[in-house]
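Which chain is which? They are A, B and C, in the order written, and residues in each are numbered from 1.
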Amino acid sequence: MSPADDPDLARALPVLAAVREAAPLVHCLTATVSMQLVADGLLAAGARPMMTETVVEAPVVTTVADALLINLGTLSTDAMDGIPATVAVAREQQRPWVLDPTAIGIAPVRTPLARRLIEQRPTAVRGNASEILALVGEAGGGRGADSTAAAESAAGAAAEVARLTGGAVAVSDAVDLVLDASREARLARGSALLPRVTGTGCLLGALTAACTAVWEDPFEAALAATTWMALAGERAASRATGPGSFRMHLLDALDEIGRRP
Amino acid sequence: MSPADDPDLARALPVLAAVREAAPLVHCLTATVSMQLVADGLLAAGARPMMTETVVEAPVVTTVADALLINLGTLSTDAMDGIPATVAVAREQQRPWVLDPTAIGIAPVRTPLARRLIEQRPTAVRGNASEILALVGEAGGGRGADSTAAAESAAGAAAEVARLTGGAVAVSDAVDLVLDASREARLARGSALLPRVTGTGCLLGALTAACTAVWEDPFEAALAATTWMALAGERAASRATGPGSFRMHLLDALDEIGRRP
Amino acid sequence: MSPADDPDLARALPVLAAVREAAPLVHCLTATVSMQLVADGLLAAGARPMMTETVVEAPVVTTVADALLINLGTLSTDAMDGIPATVAVAREQQRPWVLDPTAIGIAPVRTPLARRLIEQRPTAVRGNASEILALVGEAGGGRGADSTAAAESAAGAAAEVARLTGGAVAVSDAVDLVLDASREARLARGSALLPRVTGTGCLLGALTAACTAVWEDPFEAALAATTWMALAGERAASRATGPGSFRMHLLDALDEIGRRP
C-alpha cells in the first residue's frame, strides 16, 4: 500500500525518511542470540549498528553514537558491568536511549537492574506485557522472552512507567500499545509470524532507538518504529512460506516500507 | 510424503505433535555461534527458547523451563561457571536435560567437563562420532566441531555412555545411530547440506531437549528429534540452491514436517 | 561468467580450488554479532570454522587449526584475554594468521591491542580505510564498523602496515585495494549491498585466513579472497530483492563461484 492508502504508514513516514536521511549510529548492548538480526535490521532500515558491551570500551564508544539501546536478554557478565556505565555516559551526553527489559520477572539480576535503569529516564521503553508489568513490580506470568499477558493488561503499568521516565512506552502484542504521559495509540497490524522468529522484539527496540535519534518527540518515534516493524511483518508474511523465509523477507521489507509499494 | 507413506515420520509424529501442543520452554546454554539457529529452530518446531548462561541467573531461570540443553561449543567463561550449577538445579527439579559435547577432544576445559556431566545422568546425549568417542576417553580424530569418524565406529562408546547415564544417546552422521541400554535404531535420512550450515547439530541437540520435555521415553524422544531434523533436511534440500537457501528452507521445513505434505 | 570471460576469477581460481580441496580448519576469534555469518560463509566456501576464544582453550585448540583469524569487533573480556596467547601459539606453530582490526579508532582497548598485534607480523591484515589509517595512528573518521574514508586514502597507511608485517594488506571499499611490499592490485567489483549486511567484512577476513592456509603467497591469497567475496556479492545482488535475500544468496554464491557459471 502507498502512504495515501495507509494512514498508519502516512503518520510514520516522516520518521522513516529521517532515519534513512541521517543514518543514525545506534550503539546496542543487546541479547547475544538476536545480535545479528538487530544489526541486520538496523542496516536494512538505513541506520548503522555498533555493538560493544565491555565496561572498558562501551562507555567510550557510546560518545560517538546517535542513540543507545539497552536490551537485557541473555545478559552476560560483560553486559552487566558495561550497562550502567554506558547509560550514564549517554545521559551525560544527552543522547536518547531505549530500554528493552527482555525476560525480566524471575531473573534475579536483570529484574532489579531494569528497575534501577528506569530511574535513568530512558527516552523510550519497549517490552511485552509481562515485562512492562514486571518493571513496576507486578507479576505477569512471563516465562523467558514470551508473554502470557495481553498488551491491554499492561496499560496501567505502561502509564506508570511513562510517568516515572517522562518518555514513551511501547507494549508489543497482536495489538500494540504506545503511550506517553498524555497520549496513547493502538496498532492492530503486524503478523503472527513475528513472534516465531527470535529477536524481532529486540529489533523493534533497536528501531525505536534509531527513530528517537532522528525525531524529537519520543511518542511519535516509538509509534513510527512499531508501525515500521508491523508493516514490514505484514509484507514479509505475504511472501513467506514459514518462519525461515519470513525472517529473510522481513529484512527486505524493512528496506522497502514507504519507499516501494 | 505423508505419514502413511513414511514409516520414519509415522513413528516420530506423536512426539512432534506433543511438542507443538505443549510448546515446551527449553533453556539453552549453547554455543554463541549457533545460538540464533537454535532459537529460531526451536520456535519453528513449536517450542520456545530461553538463553541465559551466567551463574547468577541461569540456575534460577531454569526452574521455569521444561527442559535444559547444555552444549559445550564456544564455551565462554560465563557458561563454564553457569553450566554445573544449572545442571544441578535441573536435576533437583527432575527436569529432563540433554548434553551436546560439542568439539570435545583436545579442548582442555570442555573435555573433562563433559565427562563430569555424564555422571549427572543426562536424559539424552547427542554428538558426532568423534565427540561420543572422546566422552569415554577414546580418540576419534575430531578437529573442531567436525567428525572424521563414522557413527558406526562410535557404537560401542555410545552404548557405554548409555550404560553410564541410563538415558538415550544419538550419534549424528550420514546414517544416524540412536540407542539406549536395550534398544537401537539407525536412520539413513537427511541431507549432505546439513553439515554445511553452522549449528544444525546444535539445533538437533535442542530439538532433542524439546522432545524429552514432552515424551517420557528418552529413546523415542531422541529418535523423533533425529527424524524431525533429517526429514526437514530432506525437504529443505529439495528446495535449496546452496547452503544459504538450505538454511532458510530448513526452518520452514521444521515447521511443516508432519503437518503439510 | 566463466573464468575464460572473467580475468579476475581466472586469477583467483587456483586459490579457491585449493580451499575446496584442502577444507582448511580456520580458528576464529571474531565479533559475536557476525560469528554465524563467518562460520556459514567459511562452510559455504569449503573451509571449516572453529570458534573458541577463552584463554584456557583457544591457545590449545589453535594447534590443530590450519589458519587463525583475529577480529576485534565486539571484543569480549574472554577475547581480550584469549587473543594474545592464541596469536603467540599460532606464531610458534608457524600457522598463517589474519588480523581484522574491526572498529578501531577511539575504542580504548582494541586500538592499542591492534597496534601491538601488528608486531606479531600477521600474514594478512584486512580492514576498511578508517581502520587501516588508525592502525598507523592516523585519524580516518571511523565511527563503529563503518568507514568514512575511501580505500585510496589509506593506500599509504596500508603500505606502511605491509612494511611492518612483511605480509599482505587488503583495504575493503567500492574499489578494493590489496598490496604487499612490492605489489598492489585494485578490484572494482562487488555490490553496494555488501555493506548493508552485518559481518560481510568479517567474513572476508575469515576467507582471507582460509586462503592463506592453502596458498603460500599472502598477496595472491588476500587478492583471491577479496575477489571471491566481490564476485559472490555480484551474483547475490543479481538475485536479491533487498538486504535479507542478498545475505542468503551470498552464501549460495560463495559455494558456486568458479564451479557453476
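What we mean here is this: contacts are C-beta pairs under 8 Å (C-beta built on N, C-alpha and C of every residue); 3 or more make two chains touch, one makes a residue touch a chain.
None of the values given here were measured: they were computed from a predicted structure.
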Touch-based graph of the chains, sorted into line, ring, star, complete or other: complete
Copies chain A and chain B touch via same or different residues, half shared test: different
Separation of mean Cα positions, chain B and chain A [Å, integer]: 32
Multi-chain contact residues (two or more partners), chain A: 32, 36, 76-77, 247-248
Chain C to chain B touching residues, read off their complex: 25, 27, 32, 35-36, 39-40, 43-44, 48-54, 56-57, 60-61, 63-65, 76-78, 247-253, 255-256
Residue numbers on chain A that touch chain B, as the complex places them: 31-34, 36-37, 73-77, 80, 103, 106-110, 143-146, 195-199, 240-245, 247-248
